[in-house]
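One structure follows; several queries about it will come next.
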Amino acid sequence: MGLTGQDIAKHNSRESCWVIVHGKAYDVTEFLPEHPGGPKIILKYACSFQGKDATEEYEPIHPPDTLDKYLDKSKHLGEVDMSTVEKEEKEESPEEAERQERIARMPILEQCYNLMDFEAVARSVMKKTAWAYYSSGADDEITMRENHSAFHKIWFRPRILVDVEKIDCSTTMLGTKVDIPFYVTATALGKLGHPEGEVVLTRAAKKHNVVQMIPTLASCSFDEIMDAAEGDQVQWMQLYVNKDRAITKKIVQHAESRGCKGLFITVDAPQLGRREKDMRSKFTDVGSNVQGGDKTDNSQGAARAISSFIDPALSWKDIPWFQSITKMPIILKGVQRVEDVIRAVEAGVQGVVLSNHGGRQLDFARSGVEVLAEVMPVLRERNWEDRIEVYVDGGVRRATDIIKALCLGAKGVGIGRPFLYSMSAYGQPGVDRAMQLLKDEMEMGMRLIGCSSVDQLNPTLIDTRGLSMHTTSVPIDTLGLSIYDPLVNPKAKAML
Amino acid sequence: MGLTGQDIAKHNSRESCWVIVHGKAYDVTEFLPEHPGGPKIILKYACSFQGKDATEEYEPIHPPDTLDKYLDKSKHLGEVDMSTVEKEEKEESPEEAERQERIARMPILEQCYNLMDFEAVARSVMKKTAWAYYSSGADDEITMRENHSAFHKIWFRPRILVDVEKIDCSTTMLGTKVDIPFYVTATALGKLGHPEGEVVLTRAAKKHNVVQMIPTLASCSFDEIMDAAEGDQVQWMQLYVNKDRAITKKIVQHAESRGCKGLFITVDAPQLGRREKDMRSKFTDVGSNVQGGDKTDNSQGAARAISSFIDPALSWKDIPWFQSITKMPIILKGVQRVEDVIRAVEAGVQGVVLSNHGGRQLDFARSGVEVLAEVMPVLRERNWEDRIEVYVDGGVRRATDIIKALCLGAKGVGIGRPFLYSMSAYGQPGVDRAMQLLKDEMEMGMRLIGCSSVDQLNPTLIDTRGLSMHTTSVPIDTLGLSIYDPLVNPKAKAML
Amino acid sequence: MGLTGQDIAKHNSRESCWVIVHGKAYDVTEFLPEHPGGPKIILKYACSFQGKDATEEYEPIHPPDTLDKYLDKSKHLGEVDMSTVEKEEKEESPEEAERQERIARMPILEQCYNLMDFEAVARSVMKKTAWAYYSSGADDEITMRENHSAFHKIWFRPRILVDVEKIDCSTTMLGTKVDIPFYVTATALGKLGHPEGEVVLTRAAKKHNVVQMIPTLASCSFDEIMDAAEGDQVQWMQLYVNKDRAITKKIVQHAESRGCKGLFITVDAPQLGRREKDMRSKFTDVGSNVQGGDKTDNSQGAARAISSFIDPALSWKDIPWFQSITKMPIILKGVQRVEDVIRAVEAGVQGVVLSNHGGRQLDFARSGVEVLAEVMPVLRERNWEDRIEVYVDGGVRRATDIIKALCLGAKGVGIGRPFLYSMSAYGQPGVDRAMQLLKDEMEMGMRLIGCSSVDQLNPTLIDTRGLSMHTTSVPIDTLGLSIYDPLVNPKAKAML
Amino acid sequence: MGLTGQDIAKHNSRESCWVIVHGKAYDVTEFLPEHPGGPKIILKYACSFQGKDATEEYEPIHPPDTLDKYLDKSKHLGEVDMSTVEKEEKEESPEEAERQERIARMPILEQCYNLMDFEAVARSVMKKTAWAYYSSGADDEITMRENHSAFHKIWFRPRILVDVEKIDCSTTMLGTKVDIPFYVTATALGKLGHPEGEVVLTRAAKKHNVVQMIPTLASCSFDEIMDAAEGDQVQWMQLYVNKDRAITKKIVQHAESRGCKGLFITVDAPQLGRREKDMRSKFTDVGSNVQGGDKTDNSQGAARAISSFIDPALSWKDIPWFQSITKMPIILKGVQRVEDVIRAVEAGVQGVVLSNHGGRQLDFARSGVEVLAEVMPVLRERNWEDRIEVYVDGGVRRATDIIKALCLGAKGVGIGRPFLYSMSAYGQPGVDRAMQLLKDEMEMGMRLIGCSSVDQLNPTLIDTRGLSMHTTSVPIDTLGLSIYDPLVNPKAKAML
């Protein structure tokens, strides 16, 4: 029955290129030039691993419906007799052996007392390339780290002697009642961290009654993630706008028909950023200097490869069109200055996310929370603070960070990497505990600041004088630091 | 005569649970669910150490009158024949052996030249869990460290050519004449550091003629501490307000009847803060992942366990009631912004302590001394600076810190941990030397700033421009720092 | 035929001093006192290496036409029979052996993802003295490092939803169209880093269509560098003004006649700065304390030795003279405050370079980009921003740095050391990749800031509040740091 | 002839205490209680080293005329036959052996390129106690380090195109023409660093034509230092005012009669500061915990012991008296705020030194140069800048520091420790080179800032915005830092 490994192995060149995924064979010869990740990565599998199974590498970066969607049926060659397919004898590298040992000695879940702890564990147990993809930021990662640091520039002015016996942390976001003012923001390639991918986050969000934003670049398919929702669970959709508006329209209207309650259009990524840590992690010593040829492929991390479809021409002129194709609330994700918030209000959108894409796009973009401090006074001056919902993401690690954002005027905050890390380290129980810790911290923080519900949070409860002083406590570029030879005092004479 | 170890050992379950403390047996079965520290910790001793003596663990966190107060007489089972009680053969851990060696090599007292030195010694000789309890702060311990750093943002503008031959450091606090403007502030669980507990501080305070504030959560009983006072020695009382106001009333009136001269109501702790260093120190590897069950118990340090009685509903409305039940001056401890100082004046209390609870409650609360700089100009503007006494605590380590606070307008400062550390390391001689060092430093500091008495200290003698710049010299969160992977330069090829 | 090594070897003293360079012998006896680098260095070769070849040491710091220009023909003694010249058996030092091994293991070019990476590689493969010459700065190197750090004080305020499909990074500089707004600024002694010297940069500049500025102190001769240009490639000339104006006039007019399109007069170097790292690298243990005598020589790096001809009396009064001898646009290189930019406009020059000479002259001079932020608002206020072209150099390492400078109002930026490093590590392919990386970064940065051409860059796109806060993130003097003995806590007793 | 070691050895108690110094015996029994350094240190030598020679310890901290001045002739017991005095067989400690090896391998003088280099060498070759005395500061040494850092907050705004061929660094101080605007300020106990003591500085000052200020607490006698001057060399006198004004009067009038040209009255030291590094270095493990008794002696460094005669009652009221007893210009040394400079002008003194005593007195006193920036604008506003000469000391290490002070308006700067260090490491050649380096740096700095004489230095040449931001770049207290236990991430399980 079906094809054999030997059959496939013959098609190992640009001229004829077959691959095996999930027990089926595909002829991708004609697709090679269109592959968003470049042809080289496919050829690598077709050529080097002739007739072997490509599933393991394929899986995390392709939603399951990818081949059906993008490869003509005629190229689906049918089932492969997997018993004829040579098993790749992966020799375990010393690095991988060390990782396995770290996994064996992983701290138990109860030892994680805060969101940073999950990150520490994830770093030690994740594959190097997966860690590099999740943890990397643009250029010198100044903005990525500043996102975290910026919250440290805001201090509290707590009220005392307020009855805080009962604390209500719930609020609404785009009309949805949630238990605590954060949502799970969209992050790509969930299966790099966990074999089940984004549906793990769906289930945890349900449990804690918070909203999940579904990423365009998910490892699971959109429908899988929607299907994982239960009852009246609310989900939003993050959208990279495709150059082909017909595709975009199809995606948006499908989402609305499936019950999505918000359309978050990413506006800070006309081109994906350079994440050098990710690039460097991809670099393999052997041969990379001899192949040459396919330039773009050479120094790219996962992210840039998968993003070639994004339309860099997207502009304000397109907003009315979006408003014409959907009734979902439209939120611009990645707004970075007050002028554009004003414009967003004027354009009639329902919300903005003040965000720099987790520090993965333009280095030296300001943190979302700093932009928030710039935005809200202007909105209030115009009495516009209720005409738009303002969200912020980037760097949130403590419930006190959430409280600070709400004091400034945010409706809620998005949290991304921490849930990826808790999922990568401990699966759904990890995400569950991470959310529970945030809830515990939030309740405590509300008590200690003297507020029993989130509507009581207001600017007089914080001291933001330090927020705009970029020059202080700013992360240092570690590359610049590492190449500086410090001056030294005179050296002693050599011993005789 | 009496019960034997074997008798007790049989009652080792939730259904029947007996423990031995100070040579007597108690049936705590019914008390288990009410135990502020959770049932698990009791069961641990009853079950694991069947029929052994629990005194050592019980002692530091329960004042001697605890069992009388909280356990019905019928559950007091009477004396145990201790010769029948199996001595626990504690195998000395390598950690403990190292600690014992450090104790053997402790620096002599005269080598401590300042308050930080005591902390260094205490850290090396205290038990890990005791050290963790004393030294920990909330969340990332930013506020805890900021308390210390904040004083470093205030600089002096000393006067010259003033006759400073004779220096008088004395002042009055709530009408009491003291030799130097600090008091021993309330800190919990003194026996964790020294077997005698808080009475050590009482004696040292007497010797140096300063006031001691008696903590609600002392290891000694309130009366023991009062009894340790001599002559006309003045003591104050720190109060966590109980949900049951009848208990609170009894405590307050008892204190007044015993001669307490001030009632310091803690207002910054409707819930005790999360102190992760403390939590982590409690974590024991073995078994903690298999027991499960009693959730709250799992990730709690000593502090949270013992505080469940505190009333989170305490509010401004309660102040008149306190004024109705006592004639003692009432001082609000833990005020954190000028608006609440104003309100305190209006409520007619006699004082406030600007404090963030030693950085153990809300992380990113501002330091007391910074709040002081916010408060005093407003009070002076209203000519209210004499209507209330303003104290500050947190981070005081040098007499120059005291001088800075007094220049700003404080009546005095509270000092807590440094005396715990000097007591833990060297007992009463340690506390004595710590206080003497402060006196020596204070006299020198007064001379060098050009003031011969504390009433001459005033705002023109300091430069506070740096005080409000939160973004600078702010402690970094070490967790965030430790999980960041810095970018690295290209790696050399592997050696062949 | 010709002289022999033995002939030369006899002339090894101040009284008669012959040297071999490029296979020819020269009698430099009379030239000794005039040698800009001092007589000692020549005597060292003549005496210590009697009759050996001095070419290797001579080459990088003398343009090929030096001997023709500065040594009378009568002292050219003619060809040497090199077979009679003893080959110097250089014993390879352990240091050099380690360097050779580092060279063997050099990362491949594709592993360099940014300009700092080249510096890291160059540091590991360059000779110590060459690295010291290139990498050193004045005094404590505060300004040198500040140049880099200053850019980190400027943050972005990106626009969103702008059509950035097509990005045009081209601009004009002094009328020349260039592909990207940087030029290769003048740096001395290119052959220290690469045997071919500055012509490598000429070729790379051609490839990327940017301007090269030719240094006065090049290793190649001026004409060699001009000759290396192709087609309509544009070059500028950097000028150290000679005390002898006739020489200066000859140089300038020759440059103009060869087609140079801009005359950059260096105004920040009336005396070359003290670069202690360079000095220290020159220090050789043996004998340096016994020779004595020639003072200036003793503690000088390469730079100071070669600069004695520069005229410290150059002043504003000389500008009209320059305008009278050339039609080339005149640009003052090294302007450091707004007052002098105003004066430059009034003097009628065509441009200024805000520069502190790469931090190699006056330590604590401000960074060029900070001066730029001081200059442009004043020019705009007077509507003078088009009367002069303003350039900036120093510290540029990322295209975002270029974008920041252009947002502030610069016409372009000069980049020096990064191209030296990429050339030293990888030759022309290194420079080529460095420039390509800048182009890639620039295109991405333009997209992400929301501008499709450089004329759209403007001050509202940046946040410069941090720029003037010198006290923050300022490099620390490492010498001062290294000599401080921190206070320590009491020491434990000695083990018995 | 004379006494024998055996004779002396019998008098080894408080009741009868003889010591040998410089070959003579003295009966100091009655003097014991009056000894400024406490009796214990004398008894130590009399008792422990019975009948041995105390000269080595006595020498550096007692000027040669001390015994004549303070011990009645009747107690001078006459010559000792030193052949009968047992030589102390000092067993060389491993520490001392290491120091001797460091001395053997000392860098040669020419390797010192700046003033910090001398400090690095001195630290490695000086005796630990001497280093501790020179290098220590008050409390946490924040002010001491800030003195150095404060200069780093001032940046230059250099002028270009100024004729700087000839540079004249000379100026006048109190009417004396000097070659460069620094003077050798007074520092105590020069023989700790060099056997000849302060006269080494006298000779170097002559060579470079700068003024030396003679310290009250010199190791050499006042007259020895005056005698070491040559020709018209100018010296000033630093004065600690004695409680006994008759002594003070005698000292002052003697100085005037010997030709002293300035009287610098120290006003920042009514009590000497606590220098814990110095104290700690004095601590000797053995026995210090068993002796007890003489409290003050116990935790004192050299400085406090020798200063008990200083009058803490000195006040503004005393100034007219000084003016009545001398015609020398009177300068107040240690002024620390503008109010007191105003008062000094009104009191009619000729100058002030803005100083915090090298950070050895009040920690958190501001740096002199910061006070200077506060003082000069106020003086200029009143047109008083010529009514008084303003000097500054503390932290000067580079000629750029001098230039900064002069730009602000100082007449000159005092330099202390750097000359002690260069003297301690290399003797007079060290001081000579240190001064020459400053001159070279100064000439270069003047050229590069665009000034040919010091009268051209003015406030527009500097940017002082960073100067008052205390919170930034402020030295951290290393004690506080070292005792903090950072939070850590969860620990991996133990290996099985």
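As written, the chains take the letters A, B, C and D, and residue 1 is the first residue of each chain.
Note that contacts are C-beta pairs under 8 Å (C-beta built on N, C-alpha and C of every residue); 3 or more make two chains touch, one makes a residue touch a chain.
The shown structure was predicted, so the numbers you read here are calculated from the model rather than taken from an experiment.
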| item | value |
| --- | --- |
| Interface sides of chain B and chain D: same vs different residues, half threshold | different |
| Recurring contact interface, reference A-C, options B-C, A-D or A-B [over half identical by residue number] | A-B |
| Between the pairs B-C and C-D, the one where more C-beta pairs touch | C-D |
| Reference chain D; chain at largest CA-centroid distance | A |
| Magnitude of the superposing rotation for chain A and chain B (Cα, nearest 5°) | 90 |
| Inter-centroid spacing, chain D versus chain C (mean Cα positions, whole Å) | 43 |
| Centre distance in Å when chain B and chain C are each reduced to the mean of their C-alpha atoms | 60 |
| Set of chain B residues in contact with two or more other chains | 108, 111, 113, 116-117, 120, 140, 276, 280, 469, 472, 477, 479, 482-483, 489-490, 493-494 |
| Chain C - residues contacting chain A, complex | 108-111, 113-114, 116-117, 119-120, 123, 135, 140-141, 145, 148-149, 152-165, 276-277, 280, 285, 397-398, 400, 404, 440-441, 444-445, 447-449, 460, 463, 465-467, 469, 472-473, 477-479, 482-483 |
| Of chain A, residues touching chain D in the complex | 102, 105-108, 111-113, 116-117, 120-121, 124, 472, 489-495 |
| Footprint of chain C on chain A - complex, ascending | 139-140, 142, 267-268, 270-271, 273-274, 276, 279-280, 283, 288-289, 298-299, 311-316, 318-319, 332, 334-337, 339-340, 361-366, 468-472, 474, 476-477, 479-480, 482-490, 493-494 |
